[in-house]
Amino acid sequence: MTHPEYILTLSCPDQRGIVHRVSGFLAEHGCNILDSAQFGDQETQRFFMRVHFAAEDAGVGDAALRTEFAQLADTLRLEWNLHDAHAKPRVLLMVSKIGHCLNDLLFRYKSGLLPVEIPAIVSNHMDFYQLAASYNIPFHHLPLATGAPEAAKLAQEARIVDLMNTHQIDLVVLARYMQILSPDLCARLKGKAINIHHSFLPSFKGARPYAQAHKRGVKLIGATAHFVTGDLDEGPIIEQDVERVDHAMDAETLSAIGRDVECVVLARAVKWFVEHRILQNGDRTVIFK
Amino acid sequence: MTHPEYILTLSCPDQRGIVHRVSGFLAEHGCNILDSAQFGDQETQRFFMRVHFAAEDAGVGDAALRTEFAQLADTLRLEWNLHDAHAKPRVLLMVSKIGHCLNDLLFRYKSGLLPVEIPAIVSNHMDFYQLAASYNIPFHHLPLATGAPEAAKLAQEARIVDLMNTHQIDLVVLARYMQILSPDLCARLKGKAINIHHSFLPSFKGARPYAQAHKRGVKLIGATAHFVTGDLDEGPIIEQDVERVDHAMDAETLSAIGRDVECVVLARAVKWFVEHRILQNGDRTVIFK
Amino acid sequence: MTHPEYILTLSCPDQRGIVHRVSGFLAEHGCNILDSAQFGDQETQRFFMRVHFAAEDAGVGDAALRTEFAQLADTLRLEWNLHDAHAKPRVLLMVSKIGHCLNDLLFRYKSGLLPVEIPAIVSNHMDFYQLAASYNIPFHHLPLATGAPEAAKLAQEARIVDLMNTHQIDLVVLARYMQILSPDLCARLKGKAINIHHSFLPSFKGARPYAQAHKRGVKLIGATAHFVTGDLDEGPIIEQDVERVDHAMDAETLSAIGRDVECVVLARAVKWFVEHRILQNGDRTVIFK
Amino acid sequence: MTHPEYILTLSCPDQRGIVHRVSGFLAEHGCNILDSAQFGDQETQRFFMRVHFAAEDAGVGDAALRTEFAQLADTLRLEWNLHDAHAKPRVLLMVSKIGHCLNDLLFRYKSGLLPVEIPAIVSNHMDFYQLAASYNIPFHHLPLATGAPEAAKLAQEARIVDLMNTHQIDLVVLARYMQILSPDLCARLKGKAINIHHSFLPSFKGARPYAQAHKRGVKLIGATAHFVTGDLDEGPIIEQDVERVDHAMDAETLSAIGRDVECVVLARAVKWFVEHRILQNGDRTVIFK
């Protein structure tokens, strides 16, 4: 028999004895720590912790664990979440006309490397309908004409929100979804939407980053996975990586090379989210790998 | 007033409640955890921990802390070390005729990036006498003729051991010291000597690794910092890195490119040792970065 | 109107004036060099060249070009190939039960990033039949029982050879095909079959390289794309790359991380082959990127 | 007897037959091509070439070679340089208070890896006087008070220019020289001064890039070697590289890690300059590695 496992994430003002109090709570409740990491930010005086533990004593129920931890959390002024380690987060994938990240995430999902449910794929184009079908995942075509009026955009977004509600979505992944989201939708997605930007941010924000990179003559190109916020390409960075390029490559070649970096960077970010390894620290992220 | 700071490293058979017991001990003794990391090896069922803490309560003396922790350590069957975080480890540098790693470590030391004492440099050649002199560090020329008899080698090594004793050396760094140490000296240096090997181990052990790499036509070359053991180039790996090469480069060019990797890899390994971030896990290392 | 384009690759004993002779031939035949690269190996005294050119003068036919170049080639003792730059090489993909490389190559093919024809996929298992079907590519299930007798193996390989002949295959890609090919098949595939090995060769040849890597405690893991030869994992290396790992990762995690490296490394090797950028230099490769 | 060797670099409007004309000239003059690379920029329709050759026939003198090549160059509208491959460029190193790049370049010079003459080191501080002395290189202390008036700055720069003239300097290296040069000096240094900027440009231009990087929460930090121009940190990029960082590192730690990247990036850029591998293509560079 395997025991229930949990992942606890928390942050709070730094103070003496947090690790001791939390580890004490777990010991008292018959829980065994499998993995634990913590970080105290000297600058902001804020403390972050992630604990993966097994509830080994039969007597400890989920509800009791939560209720009793909530009391400790109040005392320590914790912001916290307690996740069932075996529950699969529910992910909504969004894409436009460039599909390498979508394809990559779907294959990871299918082959068991990415333990999520994917109840829906949304696109403003039809290009990846067949790909979605081959994975037996419902495909929602929510077109949006270039230069569509505000109202049309909001109506389209309302349907996205409907899908999120219907499917109890935990995470939205913008896998090269090339529409700027409205401020309202960004606000609603705070902390639960990841975008892949095809540059090494903060360089080359906005449109056509590979063309910008080519023009500037950089010797490495990159990709950045970040949380979506209302400030375009300014959200907290989760992961970045780069690849070497040279003078003989035009913008199109940079783009082709960059796709491989985008896939890997986005896949890492999604995996860390799913494993509850990402905590936000103001405009930055703490990643407990 | 700054408080005394310590770095505690420990390993033991994995068991429930270790973090709680150690953090409890520190809380009871008025110590504040500044940084902590732990790792439980599922395979070997062994647990590893590093805690950096400040003894904030005036009443806790160094001796009392050690005596009382020793009691807890006995109960938990800990292998442990308690290091004064502000003490500078004493390092003996050894080199032959290729000096980029030596030069690199000396500059880091001089500019304050590597908080160590370097009471002596040993070489079997005279090439770096002036470099040592420019840093005002005693240079010990302990030559060893090619094909020297066993007795000569042991006599030379006896002088190295004398230097280690005289200067209370904590770490020996073989910064491209091109002599194979005797089994006795290897045994004596167990866990306190780091070598830089100029290949990505386990590829290309032994002599002339860049020539071997060139012959095999690899597309990346590397360097490996590892603990010295009696098995040549088989000691626990501390750090590795690589650099891209191509078909147009001969063995000499590989060697020139490799030097940059060697410097960085060895410098990282030495820094981690000095900060007590390296624990041995059988033939492997745990690195708490 | 676009002009016919060609890619000429050649190698020969190094001698003065080769570039001049070849560029002269092209100039005389109304061809414009679009891209050219050359390499003289000082060690082997062998010269390598790749020239991409456009036949801009209407009068130059394909047949005449080949016939007349053959005369020059004889004089200079060239080994050479002249490829139509717009022709798509015909690729046979082979896979067993781990499909990330297959999936990756198929998506590149579908999205136009990899200009090839893929007339057939071969597998000794049924796992990727549906994936093949979603790309509308014929899937050939050629099973081979564990410990099957020699005769069964040779019969299975005979069917692979039949497929190669039927479909005029230019390149066989072993995209995690976990069967050792017979010496005869290896010989037949010389220079036209690429394998992806999931380690940084020459480290960790043979079976279960990630388990070997974990046991040795390396700090980076890698993947190697190489030409298939009769010596297992000893063929000329085309491309390699690595990714950082740490002590907390077990062999299974190394394997998951390694998959991303395998995809990229194999995709680069296949792309370079398809673009006629790989020349063999004894047991090594010259790659004109 | 070894033959005189030359490195020819050229650029011109793209046109058919350049390679043939240049290789023909060399063949006629008894010169053997050792290494050659070329690049045609499709966007700008400009062609770039670098040829390393040996003048093997005794009859070809340096002066004749130059005079006769100049005639061909006129015909083809070439911008060109013909460098004696064995001549050591004369380099002026400039530094302020952070000296890892200086130390690194000096050691490469001393150990023969960087074939240059270094007739002078300039600094606005005294920190590296002893380091310069240990290499027996004249050290020129040209202080400049914070907020010094324009006239003082220009006077200081006039002394730099004097040194450049006196020592016939081919290349000025700003090895962490923390003064902004005047527009006049920038103009004078066009194409012959390399700066190392401690960020991955175009991110984090200007002052304190590591603090900026830390604030933005990037996951990789970098360094950029570029030609000095009047636009601060906007000159043509020669080389860049990055290193991974994480949330636990403060700006000071980023800075320490970044130093290793800066050393390597600057050293590569200087080496390529010295080997005449860098050609300017508008605001970008062509690097023939």
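Residue numbering begins at 1 within each chain, and the chains themselves are lettered A, B, C and D in the order written.
Here is the rule we go by: contacts are C-beta pairs under 8 Å (C-beta built on N, C-alpha and C of every residue); 3 or more make two chains touch, one makes a residue touch a chain.
The chain lineup, named per UniProt: A, B, C, D = Formyltetrahydrofolate deformylase.
The structure displayed is predicted, hence computed values, not measured ones.
**Student:** Farthest chain from chain D, comparing Cα centres?
**Tutor:** Most distant chain from chain D: A.
**Student:** I'd like to know which pair from A-C, A-D or B-C copies the B-D interface, where a copy means over half of the contact pairs are the same by residue number.
**Tutor:** A-C
**Student:** With centres defined as the mean C-alpha position, give me the chain B-chain C separation in Å.
**Tutor:** For chain B versus chain C, the centre distance works out to 42 Å.
**Student:** Taking each chain's centre as the mean position of its Cα atoms, how many Å separate chain A from chain B?
**Tutor:** It comes to 37 Å between the two C-alpha centres.
**Student:** Mind pulling the residue numbers of chain B that touch at least two other chains?
**Tutor:** 246, 248, 289
**Student:** Would you tell me which residues of chain D are touching chain A in their complex?
**Tutor:** For this pair, the touching residues of chain D are 39, 42-43, 200-204, 216-220, 222, 236-242, 246-248, 250, 281, 283-287, 289.
**Student:** Could you list, by residue number, the parts of chain C that touch chain A in their complex?
**Tutor:** 35, 99-100, 103-104, 107, 111, 113, 130-131, 134, 246, 248, 256, 259-260, 263-264, 267, 289
**Student:** Which bits of chain D are touching chain C when the two form their complex?
**Tutor:** Within the complex, chain D contacts chain C at residues 16-17, 19-20, 23-24, 26-27, 32-40, 56, 244.
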